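These are the structures in question, set out in turn.
You will see two complexes here that share chain A, one where it goes with chain B and one where it goes with chain C.
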Partner chain A sequence: MNHVDKTSETFADQVRAIPGGEHLEMCYSCGTCVSKCMIQQKVEPEYNPRRLLRRVMLGQREEAFEDPTTWLCSACDLCYPACPQEIHISGVIGAIKQLAVEAGYESPLETVTVDESLCSGCGICVAVCPYEAHSLIEKEIDGRMDRVSTVDPNKCMGCGTCVAACPLGAVARPGIGNAEVLAQIRISESGKVIPTLLVFVCDWCLRADADVSLLESYPKNVRIVHIPCSGRIDPQMALIALRSGIDGVLVCGCAPGECHYKRGTYVSACKIGLLGRMFDQMRVDDGRVRFVQIGTQDRGRIREEVDTMLASLAAWKEARS
Partner chain B sequence: MTNPNAKPKIAFYWAASCGGCEITVAQLGMRLVTVGELVDIVFWPCVMDFKYQDVEALDDGEIDICFFNGGIRNSENEHIAKLLRKKSKLLVAFGSCACGGGIPSLANLFDAESVFERVYSTVPSLDDSRGTFPTPSSQVPEGEIQIPVFYQHLKTLAQTVEVDYYMPGCPPVVEQVWNVLQAILSGKLPAKGSVIGADAKTNCDVCPRRKMGPSERIKEFKRPHEVDLDPDVCFLAQGVICLGPVTRAGCGLPCIEANMPCRGCYGPPDGVVDQGAKLLSAIAALVDTDNPEELQQIMDSIADLVGTCYRFTLADSVLNELKYG
Partner chain C sequence: MVDAARHPKVDVRTYTEVERVEGFVGNFKVQLREKSRYVHADRCNGCGECAAVCPIEVPNYFELGLAPRKAIDVPMSQSVPLLYNVDIDACIHCYKCVDACGKLDAIDFGLEDKSVWEDVGAIVVATGYSHFDPSVMSEYGYGRYPNVVTAIEMERLANSAGPTTGNLLRPSDGARPERLALINCVGSRDKRFNPWCSNFCCMYSLKNAILLKMAYPEMDITIYYMDIRTPSKGYEEFYDRAREMGIHFTQGRPSLIAEDPETRNLYVHSEDVALGRVIERQYDMVMLNQAAVPQPDVDTVSSVLNISQSPGGWFMEYHPKLRPMDSPTDGLFLAGACQGIKDIPASVAQGSAAASRAGRVLHSDEWEIEPVVAVVWEDRCISAQGKKCGLCERACPYGAIEYEVGKPAHVITAKCHGCGGCVGECPHNAITQLHFSDAQMLAQIRALLAKNPEDKILAFRCNWCSYAGADAAGTSHFEYSSNERGVRVMCSARVDNDFIYEAFRLGAGAVLFSGCHPQDCHYITGQPVGAHRAERLLKAFTRMGMTPGRFRIEWISAAQGDKYARVVNEMQETLDAIPKEKLLEEIDRLRPQMEKRARRMREVPQVEEALEYADRMKAAMIEVEVVA
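Presenting the complex of A and B:
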């Protein structure tokens, strides 16, 4: 009897066999990818695509499956254009992750969940998710068949773009739920000083630590709200902020082509762009809600943007008085 | 002392609206006879001959339930809203206009002067030979005539007086009217402030169309007449804006069954403060471009953005609040 001996297939062979994994051994371990990576810089010093690829070549299966690099890569592909070997590294990591999931490993990330009692099954989350983590399923709920969204926790990267998109507040993850973000906006209700400017800043668009700490240095008239991705912004949040007495809202996301969550910055550009068009059509004061896309090379840009916005809001206020 | 066996006293009123809400009540047909036996209609100017003095003569709170349709566009609307509020135990904002402003509140895009200019001077179908232009007071041979003052913008009923229940719909569908009347007669109304005659989830929950898949993104938005619409597929997946995701279910989907997208008349579900702004998240979810110029073109392809997103709720939107305070 002729059968394939699976044990003779190496770990590297398995990775190579998955679409995306085929460029595995082109890596000569220069480490350029590590120097470009925002995760290594901001979240996990142990994050290292170069080392992960070596582990695969050395057949270190369990080590590779447990490596944070396997799970944290969001396929932003900042490393891709920098790789001298033109390896699509997120594709290789995706292949390793697929094998890890097949072997029973689970993502360590905090991912979104769906409250099925609220979900209408509209599928907006399916459409917006950059990772195809959402899908609609038919399921019996309270004695009747219903169509609801479900999340594959091994695909979800926790960006929250679906949380912003869900019309019924049925999708959430700890820290970025509607109530948690709104609590940071509805300042007038807590009796505190109402700031002039509210800045929603995505966790990834500011590469330089100096730019991140700069935000904390602004006086009390600027309030900073950190969000995982600009795609997490629901245009309602900007309106609620303005209604509560805040003069302006600045949303900062990644530059086109650099979005940490692939398409969050494009989704946000569309949302804030359409909101601006609504303001124009309604003839209400324009320029009070702005979206800026900050590139990884734009060191110091955040200061310019905040200062410019404060100046334009001051001019707007003066013109109104 | 109130007679416990007395029939509940009901009132209907029509402010700034088209009259469709009155027709939906008339659509009860023979069931109206039953209603007439079970309740005492004390005011319904559209159908029966009552005068405002009849309402003024009632005791405060004597009307058990008043169904008030239409927004508040002029001083007469406001006067009667306040009068009926005083005379009614329960006031129901009946229909989209009373709840969210409805179609008449799309005029909030313009100031009152522009509205008058358009309606009485520049509209193409106008016979302007008489040069008629309304003013609050005018002299005629018989004396001075005063007409209600037209306000700068339309307000919802709840922006004018306290409202106990909200019953959305343009108009509320007749089966929901019947359900609500039965709930009233059996004393089974929910807590004050609730939306009645509608469901908690959105139209997508009951819409049988196939939903969009993860890769079904679009490059252009089209109006319904520009597409040969597939009756089995989600409108949004076909690039036609549908308000189903941000609109309460309860209407029975008459528009969607007629292969037309939901326009949002049943208003937003709980938790959504601004129906139009929430819809932007659904629209943006579908847009497929990483090119800023193409994004502008895609956004340009949406005709009448405010009119589309807020067709029935502009007066109740945060956008409206930012404009008018």
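Presenting the complex of A and C:
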């Protein structure tokens, strides 16, 4: 049985006092935020912002700090425009997280790390990070003072936008490092079949489970590479894929305004757009690298997009031969 | 409706709009525009021959576009009166209908709108409500997904007189839906659109679910809800019945509906609040229980009839609990959802109440009003001298003042409710309020500040809120400073600037200007008129160098006795904090300015006599004290 703390007001008041946490008590537990968010469905069954807010109202401080909701919310704000009470839920969760960090709790998420021997201190990661997790510090490395990037593990959500942006490959996170993603592209070089189409799928753009399981069913000529966010895409990867004989690259990200990591889909749209213009200059045929933004309501769109891409690549190949 | 139409004393005018209303209780003149049907009402017998031959089909708005109607048709089969009507925008003028009508000769394309004036004694407004358009909520896909329908569309689809003759079919493929979701609170209890609860939708979705379950027992029906609200007699039992029939209830507001592009089935995402888990369920059809909203032309109607609106656009009643069927204007009554969302029993009750109230007007030759009405001194009104002013007309919440340059302002006594806003507003002291005349008010002020005025806190309290608030402070035993002296006015708008100047001229320590909260004003918009004036005065006093807190503006409701006591005590603390000699010095310093500003006041008829009388009383009082 949950124990309701008698000093409940103090904790709720603390949360409300932090900018963002003001509207805590407006929640009437309709559950819209819970179902709008994809974290419970995709990552953590115990994730539940409605319950977290309830816990705060009841003064369950430790339970709130240990709740995965406190740490997993990436402030994508899908729930905010849907909330009938107009509560900025990620703001409230941010306030709880701030209190948790002050109380000495640490984020359980696997975050990016900086290889300080490679980092040149250029600051690109600081500019691209949607969470202001990166910052530049002066630090003694190998006996001399140097400017390097450092990551606040309680702020980093692990989207990998910085990994894609780092020109020196100094930032990495297990599972999405440059080498690991490239390995998935290059399997074919030693293997037998060169895929026709390489599909980068962001972990959050496919809402329906049916669409996710559809990815498993594609034959070998369609290779699926899972990435946490379309912002993780480095245009060089597309170039490497084309060089290794793959016909086309499709990058799937979230619809504008629905990016799980705030602005990864925007960053990616810019990058792929720029690549398209480079292709024009390089006289590479149009349409070989495409970026599609799939919205939460676009059920079945991934099938449609892959089929269209395969058909257009087949037509392109036939025209060339 | 048929009974009403047949009643010898009821004259039903349909397809008619109210253009203008003049006059007052018992003597309204109403201008009506009878829109042309292009059919003579006295000749058409409703046989329908014309519609049978009409070649033009247009969407039937009664069926919400789910079925067609002819360009000449009746609005619906039960129309009263049963008169055909040409949709002139769609008509191609082939005149087949004229031929079909034959000897009756009822159709006449030369007919035009008619404007008529009618004399009426009372007006009942029963303009109803409209529906929220859920297509603005992209998450539910209404308008994009054919199988997402509104409750009203569902009503037509399930109605035996509807387009599918009572066979529930889904719009995308005409198949019978086997799984149906009903979503409550679409656009209501939602701060993004309409913050209110639409009152009857819970019962309405239960009714739809029960009817459908009775017609199709095998159908899987789920109601998504936030809270089920069943507050009236027999309602909770109705809810129990729905549960017993096997209708599923999921507590959790759906956040998203996605359509399968092939089957056109709908996937509803919601949290099951009881489980704390997100569920995604597949349905063949989804019904949205959309919010009730005011009629789209509510602003026009309220300006024609001069009824104010509550937040959201519902018509404002005289008093939310005691006089919900009366509008603030005498002789104008409200019935049904136009005043606030209500279900059928409540609408019927309010309609009957409004009718009996209207009957009271019609059955009496005389109408009693409060005697505190405003009166114009015509020779003082500058409008009579051809100068532009009109401040009194603008201050009047009831449209009781007729103003025209060249003529003195005229108060329609029957319309005046006696707030005194015009009196406070008039810069030339040309209006007075009976029983609250300048002379009477000033005499009171003078008497209250007769002795040691620098110790006193003079409080202007509006009759309906602050005066009652002070009363509540007394009955609840909230202690406040005994230096407070209260002056009652009907509305804070009556407090003339002169009164405050006079109080400070006499050396008052502090003055409290109190009234209703802005949304609670008994006289609709009296409070803002008073507030505007008082705030300007506060600025002027600050510029003069008055110690902050000596003039204070506070809105205190009838229930806020504690606030009244607190405010007075705070003002007392402010006074206590000023050293006496400094306060007296400040009073003396400001006196000439106050005198200058209140100069014209003494020219007002009767003021001089009243002040003399007050002085005599003062002297007598002092004498009594000396003797004692």
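Heads up, the rule we're going with is that the second predicted complex is superposed on the first by the 310 of 321 C-alpha atoms of A that agree within 3 Å, B and C clash if a C-alpha of one lies under 4 Å from a C-alpha of the other, contacts with A are read in each partner's own complex, and residues count from 1 in each chain.
As a convention for this text, a residue touches a chain if its C-beta (ideal position, glycine included) is under 8 Å from a C-beta of that chain, and two chains touch if they have at least 3 such contacts.
Everything quoted here is computed from the prediction, not taken from an experiment.
Residue contacts after overlaying the shared chain place A:Cys30 against chain C, while chain B stays out of touching range.
The wider contact with chain A, measured as residues touched, comes from B rather than the other of chain B and chain C. When the shared chain is aligned, chain C comes close enough to touch A:Ala208, but chain B does not.
Using the contact criterion defined above for the overlaid structures, shared-chain residue A:Ala269 touches chain B, although it does not reach chain C.
Look at A:Gln85: by the touch rule set out above, it reaches chain C but stays clear of chain B. Taken together, the two structures place no residue of chain A in contact with chain B in one case and with chain C in the other. Taken together, the chain A residues at the contact with chain B in this complex read 118, 120-129, 132, 134-136, 146-147, 164-165, 167-169, 178, 234-236, 238-240, 242-243, 256-257, 263, 266-271, 273-275, 277-279, 281-285. Those residues of chain A whose C-beta lies close enough to touch chain C in the complex are 28-36, 40-41, 45, 48, 50-51, 79, 81-82, 84-86, 207-209, 296-301, 304.
Interface residues of chain B, counted against chain A in their complex, comprise 108-109, 201-205, 211-214, 216-217, 234, 236, 244-246, 249, 268-269, 271-274, 276-278, 280-287, 289-292, 295-296, 298-299, 302, 304-306, 309, 318-323.
Remark: chain C residues 138-139, 141, 185, 189-192, 226-227, 251-262, 267, 269-273, 276-280 touch chain A in the complex.
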